[in-house]
Amino acid sequence: MNFGSDNMAGFSPEMLDALARVNDGRAMPYGADAVTARLKARIAEVFETEVEVFPVATGTAANALSLALMCPAWGAVWCHPESHVNTDECAAPEFYTGGAKLIAVPGGHGKFTAEALSGALEYAGYRGVHEAQPAAVSISQASESGTVYSVDEIAAIAEVCRGRDLGLHMDGARFANALVTLGCSPAEATWKAGVDVLSFGATKNGALAAEAVVIFADRFRGRAAEMGFRRKRAAHLFSKMRFLSAQLEAYLARDLWLRNARHANAMAARLAEGLAAIPGVSLAHPVEANEIFPVLPSPARDGLRADGFEFYDWPDAGPDGVRLICAFDTAEADVEAFLASARRHADAAA
Amino acid sequence: MNFGSDNMAGFSPEMLDALARVNDGRAMPYGADAVTARLKARIAEVFETEVEVFPVATGTAANALSLALMCPAWGAVWCHPESHVNTDECAAPEFYTGGAKLIAVPGGHGKFTAEALSGALEYAGYRGVHEAQPAAVSISQASESGTVYSVDEIAAIAEVCRGRDLGLHMDGARFANALVTLGCSPAEATWKAGVDVLSFGATKNGALAAEAVVIFADRFRGRAAEMGFRRKRAAHLFSKMRFLSAQLEAYLARDLWLRNARHANAMAARLAEGLAAIPGVSLAHPVEANEIFPVLPSPARDGLRADGFEFYDWPDAGPDGVRLICAFDTAEADVEAFLASARRHADAAA
Amino acid sequence: MNFGSDNMAGFSPEMLDALARVNDGRAMPYGADAVTARLKARIAEVFETEVEVFPVATGTAANALSLALMCPAWGAVWCHPESHVNTDECAAPEFYTGGAKLIAVPGGHGKFTAEALSGALEYAGYRGVHEAQPAAVSISQASESGTVYSVDEIAAIAEVCRGRDLGLHMDGARFANALVTLGCSPAEATWKAGVDVLSFGATKNGALAAEAVVIFADRFRGRAAEMGFRRKRAAHLFSKMRFLSAQLEAYLARDLWLRNARHANAMAARLAEGLAAIPGVSLAHPVEANEIFPVLPSPARDGLRADGFEFYDWPDAGPDGVRLICAFDTAEADVEAFLASARRHADAAA
Amino acid sequence: MNFGSDNMAGFSPEMLDALARVNDGRAMPYGADAVTARLKARIAEVFETEVEVFPVATGTAANALSLALMCPAWGAVWCHPESHVNTDECAAPEFYTGGAKLIAVPGGHGKFTAEALSGALEYAGYRGVHEAQPAAVSISQASESGTVYSVDEIAAIAEVCRGRDLGLHMDGARFANALVTLGCSPAEATWKAGVDVLSFGATKNGALAAEAVVIFADRFRGRAAEMGFRRKRAAHLFSKMRFLSAQLEAYLARDLWLRNARHANAMAARLAEGLAAIPGVSLAHPVEANEIFPVLPSPARDGLRADGFEFYDWPDAGPDGVRLICAFDTAEADVEAFLASARRHADAAA
């Protein structure tokens, strides 16, 4: 019974059908195939606007390529200190950009506010040629603390970006989880609120390994050829791309992405509700998507693990913090079993 | 009827079964899963030696990571002018190494000799700190001209490398095709002949997208941790790695890799034999694997295309050169149809 | 009357004599000359230990090369948020390292404590391959706020570094200014306290353009050949290196470096004393070297500038903060004139 | 008596005067000083056109920055196999560009023809996204073999560049030597013939350490701000830039650059003439500037060295090839002494 991460889940059965379906003989390689063409049209439809789409296989690739497009080697990107781009990619954004600088903007619960960003930018550019040039801002949606930026919060951040001519990137490794929480359209959650480039994740929510860079803003869409070179030299241009595209197509078909995310979020909500009711247990962050960060006394942690539950200690959530993640395939019975175990061990400790 | 590239083929049915089989609930991510552990043991068994194995999804990633491990940013790699690393990766090796230099060693039919290499290296290092430091040699097996290095040829090249303390990398995007031609063991074709690091390809020969860097040499195996960081920051560490590993496991199971390669090579041999018998048609290179480079008069090329055959013009093989590639799934009937069409159009032109 | 920066000063007359003296016909290039050999021996003598010495022409080059030697492309360097490497080098350390990450450790008055460093490092490495690998720590001596780390403070930071196998770099662009404040030997101020690599600055203290990377630690001295390649490919290997070395030789001869620094520090102390006595004027940071950060009411700032004094507004020192720097050639009369002007305009405003 | 390289010479006396003259108190740093402003105007005047000027201290910096401006990280630069950028900069161009590719275009005597370039480019771009994108061409003037491109030869190369939208860079480390040979104006030798960016060298011809990137072409001048960031993060923005600029100003004053180059060339011509008259001695390349590449029998080489003459063996000029370079300060008596010694030892061997 594993609550370690949504990337420990397998894939949705629809994925296998999709792979089998497009494995029908020869196809043009490197994205010149019919599946990829359909996918691009489908993403444009889902987001209700013209887009450029670059399928890749990892979230780190989507993020690093996005930031490399948005930020020169002598530029700077503002992001949350605990964001994936800042702490979980072994400096891939720095590698892909050719040495740009990520600057941390603190904020509670994995998010920063437009005000905090504005403050962090107050003297940006003051040192002229001597400093890394302000280029972009990156936010994670849902955040690494399981919270979700509201559309208004995004729009406020985007306004700060516009005022300083900074691109706005959204790391959407868990975009579907955030979207079902927001209850708005994909367009409202992204470009209508001012997002320029989205790392659109599918791997954590039912695919085998499939993400896409989705470019909304004209100024970055106009550099799609450059992005093609960047993706190729980063070794992320798949020859048999139809098998990447087919995953994303299946992901968007019949609302699979939203159904999967809704289930994961519901399981997380149930887990949060159950945990919050246990004396001595608290939640380090609001639970707004599929991640839960409970503060669990040591005996409860040990007991849960003895009962076969797997999860990570999470120092960012405090000394007794742990991280639990629900996925599209998390069984309700496992959630209830977890809660029962947690209750038992918490009682015993009390 | 597509003879454009083996990367235009789909995947072997065994792949789908393998993916389905390992999609059995939760697994540790990032390669800490049981499938990946089994794969490493299996590759060690196949190559009869201790190895480090790094699965990735593209051949460019395997090559660029290999060379980055073997060559510092201020180093140089000697390779054939038409090698994939030199001409088909949009400078990915340069990107991954941090700016190393690829130096071309010419040679007929896509290969260079130990003598040519030795000559190219004669004054390497003479300029001391002023020049890129000699670090590695890369050969393609099978080569980009469809030829195969004999074991003795590899051993001779390896001896030149040893004499100058250079690492020897083999780009094995079509390693299986070369191996069935050589008729020796995987060990004899690689580390026993002096190969230090192998890009072991599966994508072109039946996988969806799966390759592996296989490290033989102690001095590079000793830097496996560094390779782990390099793979991660290059965004090629897959979270759900079991789905990469499962492809490679299936590839090696029940000799699928060799069966697929044997079929592709046999189809190429048949095509070559048939084409060579057509007056006015010649072969630019010996056909030793699954690639054929016929010189086809323009009317024959046009006629074939009008009949629905797809293939690339290939200037490296001369003004009338084309490239045909057979894959694991190339149908004998298609080969015969191609030959019939070629004969017909060549006759008409004569 | 310019208090803008010590890099707005010219050079000490001794420099010209030294350049003339070594301009005596032909010499081996690229550092194989007698002057450079003498310089290395002299620096070893001054620091009382074996060293490797790499003369370069800018402080940014010295810092970026040092950090590139100490930190791999997938590594991280901890430094003060306002340190020169972090804010004033347009991401040169990121460029030279190939994309390493600089992580800010806050602290008052331009310095951080061993405790703050230890706290910042608490979970460093926890995310394994996913995070930039802890590699080095960099401190500025004197700091960008004009303060000086005591030998004990350095030793405490070095102990944290040793406990985690991190290299300790010192940005000594104003090392001489710090040293005369400390009143200890160069050895005590550096390697005896645990510094591994020093950017030894001369430009700001009387040279035209001359700095040196001085490597103390065995593990980094053992990689001097690598440093040679790094310097060359960064385009900082001067052909006529004797003219760089001659500046550094003159700098160290007859205590020129210490005499120049003592004068600059004395002028700064006088300025600080005088300013502190003016009602309404305060000092944002203790004055321990040659930089002063007064908080000056706007009328005083305007008045001083109207009287012909040049200096920068310095937001890091607060909304009314300015930066004044004294150099080896700052005239006592200019200091007194500045104080008189400041007093007059402060009085007028009161 | 050293004929090793022009970078083994010292500096012209005018340099010291210039440095002393501009060491007159405080000046704005980083190129915002009056000397640098004057220099820019002076270079515009000398070249009779609008230019952007970026002084740096090494030829490698000038070349690497120029190519980084002209070629993206995924681009390719065509150059002569023996060019300085290709063989003598430890892959600095690859580092500065972020991993671009240098492709060798062979040609006799250190130069390539427009035809050879055109042939090398025939299939450039054919592989689309898979190959490094054609971006620039670099030629050395004078070449590394001591020859000089005629204005017509440059114009023909420039026409090939224009036809493919490639930038044309000239490595002018010995530009003055070439110019006095051509006998035309600086404008005719550069932008009027189609050169876009010039590495304008002074170090080898009388300066201490001073070069400048001179940008002619509008499309690159329009990116001067970017060049400023590139220079800064490469650590080549000198704080006391007036001392770089002063060298270049003195270099251009009263025709010092041309006088120095004329002398060096004349000495080389005398040496060449004398050597050519010795039986058994030949010249590997025409002598058109200040470099001579004689083929000297081994006894003559040994004898010359025994007599105290210093010079390099030069394998590129053949097994018995050596390189002799004359500089602005090469004494006629030394040339005659060299010839006398060579004659004596050649006679003895005959």
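Per-chain residue numbering starts at 1, and chain names A, B, C and D are given in the order in which the chains are listed.
In the analysis below, a contact is a pair of C-beta atoms (placed from the backbone, for glycine too) under 8 Å apart; a residue touches a chain by one contact, two chains touch by 3 or more.
For clarity, every value in this text was computed on a predicted model and none was experimentally measured.
Relative to subunit C, the most remote chain by averaged C-alpha coordinates is B. Between B-D and A-D, more contacting C-beta pairs join the chains of B-D. Measuring from the averaged C-alpha position of subunit A to that of subunit B gives a distance of 34 Å.
Computed centre separation for the pair subunit B/subunit D is 41 angstrom, with centres defined by C-alpha atoms. For the pair subunit A and subunit D, the distance between mean C-alpha positions equals 51 Å. Among the residues of subunit B, those in touch with two or more other chains are 73-74, 89-91, 95, 98-99, 129-130, 133, 229, 232-233, 237.
Partner subunit B is touched in their complex by these residues of subunit D: 73-76, 87-91, 94-95, 97-102, 104, 122-123, 126-127, 129-133, 315-316. The residues of subunit B lying in touch with subunit A in their complex are 2, 4-5, 7-11, 16, 19-20, 22-29, 56-61, 64, 89-92, 95-96, 203-204, 208-209, 229, 232-240, 243-244, 310, 329.
Of all residues in subunit B, those touching subunit C in their complex are 30, 72-74, 98-99, 129-130, 133, 226, 228-230, 232-233, 237.
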